[in-house]
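One structure is given below, encoded as structure tokens.
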Amino acid sequence: MSWIYFLDLFGTGVFAISGVLTAIEKRFDLVGSLVIGFVTAIGGGTIRDLLIGRFPVGWLTDRSYFVVILIAYMIAYFLRTYIVKFRKSMFLFDTVGIGLFTILGIRISMSYNINIENCLILGVVSACFGGVIRDVLTNEVPLIFRKEIYATACIIGGATYLALRHFHVQEDASIISSIGIVILIRYFAIKNAWSLNFHKQSYG
Amino acid sequence: MSWIYFLDLFGTGVFAISGVLTAIEKRFDLVGSLVIGFVTAIGGGTIRDLLIGRFPVGWLTDRSYFVVILIAYMIAYFLRTYIVKFRKSMFLFDTVGIGLFTILGIRISMSYNINIENCLILGVVSACFGGVIRDVLTNEVPLIFRKEIYATACIIGGATYLALRHFHVQEDASIISSIGIVILIRYFAIKNAWSLNFHKQSYG
Amino acid sequence: MSWIYFLDLFGTGVFAISGVLTAIEKRFDLVGSLVIGFVTAIGGGTIRDLLIGRFPVGWLTDRSYFVVILIAYMIAYFLRTYIVKFRKSMFLFDTVGIGLFTILGIRISMSYNINIENCLILGVVSACFGGVIRDVLTNEVPLIFRKEIYATACIIGGATYLALRHFHVQEDASIISSIGIVILIRYFAIKNAWSLNFHKQSYG
């Protein structure tokens, strides 16, 4: 299981970097950027843990999250001109992060005897609500409600994982395939500027 | 007790519809509207459950909430031009919802040995904070702080329930009377454009 | 220990007053101001309690918080023209409040076996996140992310407390010294208009 743990920390770091970069753009001070990086990285998992009653919440029990976020914060600050050049890699890393967070969220919820559709919801919450808290704290309408099919990718990826699990597909293969689905959906979404906007659907 | 359970689900559906309609107005996409409908419907009860330590929170333990919200979401999307015509009925339904949520919130809190004034607070939180979360996520100043005596109606309705209970009035009668009080207050508030605004009080 | 309990209630009252004054400035109604006063006063401690799993959260188990907030609310309403004249005293009271809330947050977290750096984080959360919730609910970008070295003072004060504790300094002396540090930092910060803003650093 250690590759999952490694990817979890990696995703945490990537989320933290994206939060810090947003905060710098908004001209937050050093402490403000650290706080935004922190809540972006651990916000989704924290809300999931609160809802299912897992205490203390995950990041409080394992020092590694704190360390990873601190390193990510320093990387974001000192290398931000470089990071902006690697937008495509960041996009890929971020997508791996949301895919994995969705699956991990589902797995943790299942171990708390939550019924299956709520596990899917909690998976999506784990992946998306860090970003929602970031946007609320920076006084923006949360991005996931407007621009991208961010949440949709999580829902489909999560449903894929639940389906593969139902058919007893080997665990690691299920996780990797589901994350693959999330990456594919976001890739095509960006490529074709898909969005599930009801009001300005373009059939063309 | 089954009529209470039925009304609870009904209130959940009405809150979800109001959330989805707000999201559509704000041009949120399909997933965004669903999320807003969801948090509007279950947000207040979720915060109450978190504060008193009731885990997993209510809607995670009973599939019906998920199903009702999904149906409400589809109703809101497909029938929204009709719903807007029935504003008056929606207003009545919504008021029944907040009245009942206040009473249910108080009852649940009492079963957790919370002292009586905090039970009243938790009742109001149950009824109002779904709307507060909706407004925060759509980047609005929460409506309950400005326009209506929404929260006041809940406080008075909740206090009525606690008083009737104190005098051992039969439970169903207490609940119905208290909800009736909430409906009356909001009805007269709208009728006379009451508001508890300290700055522009009109004595006329 | 009773002087700590007294200061805790005092800090709660000061935070409530600052919340109510903000709400009045924003033209919230009577109920809205009460809600803002309430969440400003108990918001930080509530989030800390949720994260470590302390249920029901603190203010629900002790009537005094409710009473203090109600009194603070009335003071804020009836004496607001006077309070505004005593801005300097309010500033001192507020700083004592955040200093004490940081230390109390750390102490409570330590009793839940949280590791030391997370205790520091939880201390800062206890002191600062009431204000963050206030700002989110009034649709402002949270003050602590932009203007003052509010959070920084808490971090340094909290670290001081942890250091003194590590060297077995007597408890009351540690608490008083740490709060003193917080007061000094904020005093000099205001005096010299320090801020940790990365973008507009002035070396002068």
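Read from first to last, the chains carry the letters A, B and C; within each, the first residue is number 1.
Everything below uses one rule, namely that a contact is a pair of C-beta atoms (placed from the backbone, for glycine too) under 8 Å apart; a residue touches a chain by one contact, two chains touch by 3 or more.
As the structure is a computational prediction, the values presented were derived from the model and not from experiment.
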Just say which it is for the chain contacts: an open line, a closed ring, a star, complete, or other. complete
Looking only at residue numbers at the chain A/chain C interface, is the share used by both copies over half or under half? Answer same or different. different
Approximate Å spacing (C-alpha centroids) for the pair chain A, chain C: 31
Quick check on chain A: which residues sit in contact with 2+ other chains? 50, 136, 139
Contact residues on chain B for chain A in the complex? 23-24, 26-33, 35-36, 38, 46, 50, 55-57, 59-60, 63, 66, 77, 136-139
Of all residues in chain A, those that touch chain B in their complex: 50-53, 112, 114-115, 117-118, 121-122, 132, 136, 139-142, 144-146, 149, 151-152, 155, 195-199
